[in-house]
Amino acid sequence: MSTETQAVEAEVKEREPLFSKKNRKLISNPLDADNPITVQVLGVCSALAVTVKLIPTLYMCISVLFVLICSNVAISLLRNVIPGRIRIIVQLLVVASLVAVVDQVLQAYAYDVSKQLSVFVGLIITNCIIMGRLEAFALANKPGPAFLDGLGNGLGYAVILIPVAFFRELFGSGSLFGFNIFGENYPGNGVMMSPVGACIVLGLLIWFQRSRNGYTEEA
Amino acid sequence: MSKLNKNSSGYIFGFALLVILVCGVLLSVVSGALAEKQYEERELERKKFILKAALGDEIAAVEKTEIAVMYEQRVKESVVNSKGETVDGIAANAVKLKNEYKKLEKNGSVKAGQSINLPVYMVMNADGSEVEYYVVPTYGFGLWDNIWGYVALQKDLNTINGVVLDHKGETPGLGARITEEKVQNRYRSGKTIFEGDKLVSVTMKKGEGNDYSSDPHAVDGMSGATLTADGVNAMMSSYMNLYLSFINAKKS
Amino acid sequence: MSKVIKIKKGKDISLVGAAAKNTAPKTLSSSFAIKPTDFKNLVPKMVVKAGEEVKAGDVLFQDKANPAVKFTSPVSGEVAEVVRGERRAIQEVRILADSEIKYKSFSAPSTMTAESIKEILLESGLWAYVVQRPFGTIADPSATPKAIHVSCFDSAPLGVDYNHSLSGDADAFAKGLEALNSLTAGEVHVNVNAKSDNAAMFAQAKGVQVNSFSGSHPAGLVGVQIHHVDPINKGDVVWTLSPQHVVFIGRLLSTGTLDLTQKVAIAGSDVKTPQYVETIVGVNVEAITNENVSNNNARYISGNVLTGSNIGSTGYLGFFDHLVSIIPEGDEYEFMGWLFPSYPRPTISNSLPISKFLKKNFVANTNPHGEERAFVMTGEYEKVLPMDVMPVQLLKSILAQDLEAMENLGIYEVIEEDLALCEFVCTSKIEVQQILSGGLDLMAEEG
Amino acid sequence: MKFLRNTLDKIKPNFEKGGKLHFLHSTFDAIETFMFVPNHTTKRGAHIRDGIDLKRTMFTVVIALVPALLFGMWNVGELHYAAQNIDSTLIQNLLYGAMKVVPIIAVSYLTGLGIEFAFCQVNGHPVNEGFLVSGMLIPLIVPADIPLWMVIVATAFAVIIGKEVFGGTGMNILNPALTARVFLYIAYPVEMAGDIWVSGIKEGIVDASSGATYLGDLGVGKVVNVDVYNAFMGFMPGSIGETSTLMCLIGAVILIASGIGSWRIMLATVIGALGMGLILNAVGGNPYYDLPAYQHLIIGGFAFGAVFMATDPVSAAHTQRGKWIYGILIGVLTVLIRVFNPAYPEGIMFAILFMNVMAPLVDNYVVKANIKRRLNRVKA
């Protein structure tokens, strides 16, 4: 998975209002034109693994959002004191600690969901979106924009995962949020239940998005 | 204040140490604060499984908070070994089934020189005067990975009252269906594990949609998941054999 | 004679109307034309204007890129018209012939050195007959080829029999070969058909290497022969000529005049009496096919039915061609024709058993018998291309404009005619020669 | 015929550019060219062309499928009645089979062609003939009792995801019919696996035990005595068209004789399976290892897959040498999957799809070898 390093945003000027036009873009861009999953193709592994049902997907999205925002802000705060030579390790340490916290919390307060998510919560550590944002953005920006960037990318992740989970749960299990939609006799669909289905739904979403945005592959 | 040299080894070490310290403290605090709650959750699931195996649908209506209370009131725990002798000094919930399972041979008998701890949960009747169900945990291997479950026997120690099954990695839509109520309920129609004095266990058959109401040792299978069903059958039969001494002792 | 090289792949397409081995007396048309479009990538620069008088051998136009390469008039007469097409590109230079041809005289060199031969060939315009591989363009006079190949049999459908058409030109042929020998450091290869009784002029040609080939079409294609005798690698240059054109060179050297008289086969199912006609390069086909065609809706092809060009009933014979194929147009609907063919047609597919096994000679028309589709079938091209070249992969690399792949896959070894049979057999009706032509152009430009 | 031509000519302007039905031009075009070979003539290049076209090629494959289809229909009826101990005549069997199979074929063609036409319409492409074959293959590789809506879903999936997203016939990586089959297998395992191979089990008319297949039994470690004659003739449960090795052989003869199916692939697949089977025989151990190698060729869908699926020219290897490698690996993988993967008793489906994906790689190496030969020539 490539950690496509985006052009590092220039350091935000002093006293810029938090919701300036530029900052608003930090949120809106990752939702569509620069979506971490469908455009940058990062974090796909978890997108395939956890989207069988909507509820675990929601928990996963919130977890990623939380880790992303917190680590972005933390690294942004530390950006001037982190020695360059160990910055990746420090980032990893911060992310890993946050993920461990999330995992512990889920085990304590959402035991069923944490059972379903199993290792994939732990694997948030290796989610390229997070490390990518830390490297590309948080290290060079103030905490405010870093917070927004984390929020934007976390939402960008969610905005793809939730529809994927929606279709997979609907067609795979015939239910939504665990409520039966198609009735007892719906036979389910094994393709949608397996990661293959996620891959196909994700592919179709990318197809849809690209044809709408007029994206063309660079030569 | 003179600027620190960020590339000096001392600074790097110091910084790393500091970060590790902060993260370590954070983690231990969180883990400490949540440990009890997590334990409760795990216990709750175990208790729920045990009660569900015994009481079935009754339990579905019980609030999550009530489960622990109900368990406290109605369940008595003990641990036995494969000879049916009671093992003292270990609590039933401290027995790690996965580890105990490793003490078994392929054919389900206990490895030479090993002693296996087998928890037994006795679910009492509503007024607590006598044992109504015996719930025993089982552990085995399905098609891809481990499977486990609880089997509730009625007080005759022959009739199965219900089962709860769970798995780690069976095929979704096929073997994974053992967690479905619909499949588990197939064990709730008075199946018996003994034929006279002989232990025969209960077998999930190949194929689906057949009527086995006349056969007390067979339940309808899961189409396309014969191998997971075979795993369930093997697990069932081997653990019933392990508990055989206990059952015989209780019966007599 | 060296051993016979067997060409195992390929397919002879037998069509009705092969030219009988007799020659109609010389018919002189009043109109002749030299067509710059017969040469690949040629940008002509006119030397004469309409209305000027020329002798046979006088320069009509030059190659703009290489003015030493000249194109001369085959007959004497008046330059009647310079026909231009799109963007004023010159299509034809027409000459109204005198009834008696006046020849410009050339002084034949006393010794045959590469320099002197090149000079006289360039002056007389015969140089344009020397084709260079790779790319199939007019040879670069400054180059020295590693070999020169002359294919002395035509295996294409309705192909010319050089044993007949060149009978009587043995001396000129020998002389021509002698001249070619001086042009190359390597061998001059004369490639003959092992299966037929070759005239002594081919089979016992002196001072050259005679290779004999057996097998179906495209065994007679010089590209296939080169591939089996001494394949072209990157950087190699090989020249090829038709035996007819070797004869022209021989005549020029012995007489000092440009005598482009040749026997042209008039063949095809729409010809009443298929036979040879004695005429001159660039003749108007109307004159040589007059009264001899039985169908109003026929296609007139200068060259053979696989690689020739559609010239219409009033066009001019192509510069390199000594065959006019006349076959019916196929512009008719055929009810369920793909399932129940209403008439037999040539095919390599056994899925048309009647056509394949019960019929020997076919009346083929120009209907493609299906529409163009994406590549689906595989292994077809390989059946008819007797070279260690992967045709489909080569075509795909051309479509992808991948120069390196094109080179690696052997684009230097082939020109359009080599893959013509692939185009014929293609189930998906893909225009193979057109694609290859694009690839060759691209390669010539970039490489 | 004349009348038909005139009618077509009369309504044709409506579908041409500017006509009010232009949006249906691909559909009209497909129908017109089906009825009449068009009056086009060659424009460039070779003036005459081979008499064969893609329609005829595809139709020949359909013809080759007819024996398997007819036998399949008969077999559906025969098994159905035999399982109930009813003596039935040839006609009864065929009738019952037709009742089950014809709707599947109709649904498969309607769905597939409908989608294909729609895509061609939108993209402005001519309709390709590829689905003529896929539409016939899909019904032959499903159980007779399959619900029709599943056929629709699977066909739609195969045509859209398996073919159109790659750019249509000629561009697809996977064999569309097998894509449909594997979709069904994974999406609806309950309906597509286990003992469902005799028509009538689902309604409870027929006892489930009669629907056991050799592969199914072998997969769970049973010792199986394959009745070689019945297995070869096809008198056993299975997908509609796949059971009879004999009918597949007849199809193979048609395909090879007409030059449309690659004999290289068929032969290579058989060699691969036999070779792997013999190796396993030599190792021995359980009933599946010990199954005589040749019996792998006649049980399950091996013959059908090797003859009709592996040879799909688009998704197979394209180079001549590549076809050998491709075929042999299919054979080897089929046996390996059958023997070593208990969850998926039928190996050939996965083996072919896997090799479909690998075929470009195989070709790549063959092409590289060709390039190397050319480069070595310079050195020599």
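A few notes on this one:
Letters A, B, C and D mark the chains in the order given here, with residues in each chain numbered from 1 onward.
Please note the rule applied: contacts are C-beta pairs under 8 Å (C-beta built on N, C-alpha and C of every residue); 3 or more make two chains touch, one makes a residue touch a chain.
These figures come from a predicted structure and were not determined experimentally.
Leaving out chain D, the touch network of the other chains consists of the groups A, B | C. In summary, the chains found to touch both chain A and chain B are D.
Summed over C-beta pairs in contact, the chain pair with the top total is C-D. Among the remaining chains, the Cα-based centre furthest from that of chain B is the centre of C. With centres defined as mean CA coordinates, chain D is found 45 Å away from chain C. Centroid to centroid, with C-alpha atoms defining each point, chain B and chain C lie 85 Å apart.
The geometric centre of chain A is 65 Å away from that of chain C, both derived from CA atoms.
For chain D, residues that reach two or more other chains under the stated contact definition are 189-191.
The set of chain A residues touching two or more other chains comprises 188, 190, 194. Among the residues of chain C, none is found touching two or more other chains. Contact between chains, as defined at the top, is found for A-B, A-D, B-D, C-D. The part of chain B that touches chain D in the complex is made up of residues 143, 171, 173-174, 206-210, 222-227, 230. Residues 157, 161, 165, 183, 186-191 of chain D are the ones touching chain A in the complex.
The touching residues of chain B, counted against chain A in their complex, run 6-7, 11-12, 15-16, 19-20, 23, 26-27, 30-31, 34, 37-38, 41-42, 44-45, 172-174. On the chain C side of its complex with chain D, the touching residues are 13, 15, 157, 231, 233-234, 299, 301, 305-308, 310, 325, 327, 329-339, 341, 345-352, 355, 364-379, 382, 388-390, 392-393, 408-410, 416, 420, 423-429, 431-434.
Contacts from chain D toward chain B in the complex involve residues 189-196, 202, 204, 208-209, 219-220, 342-343.
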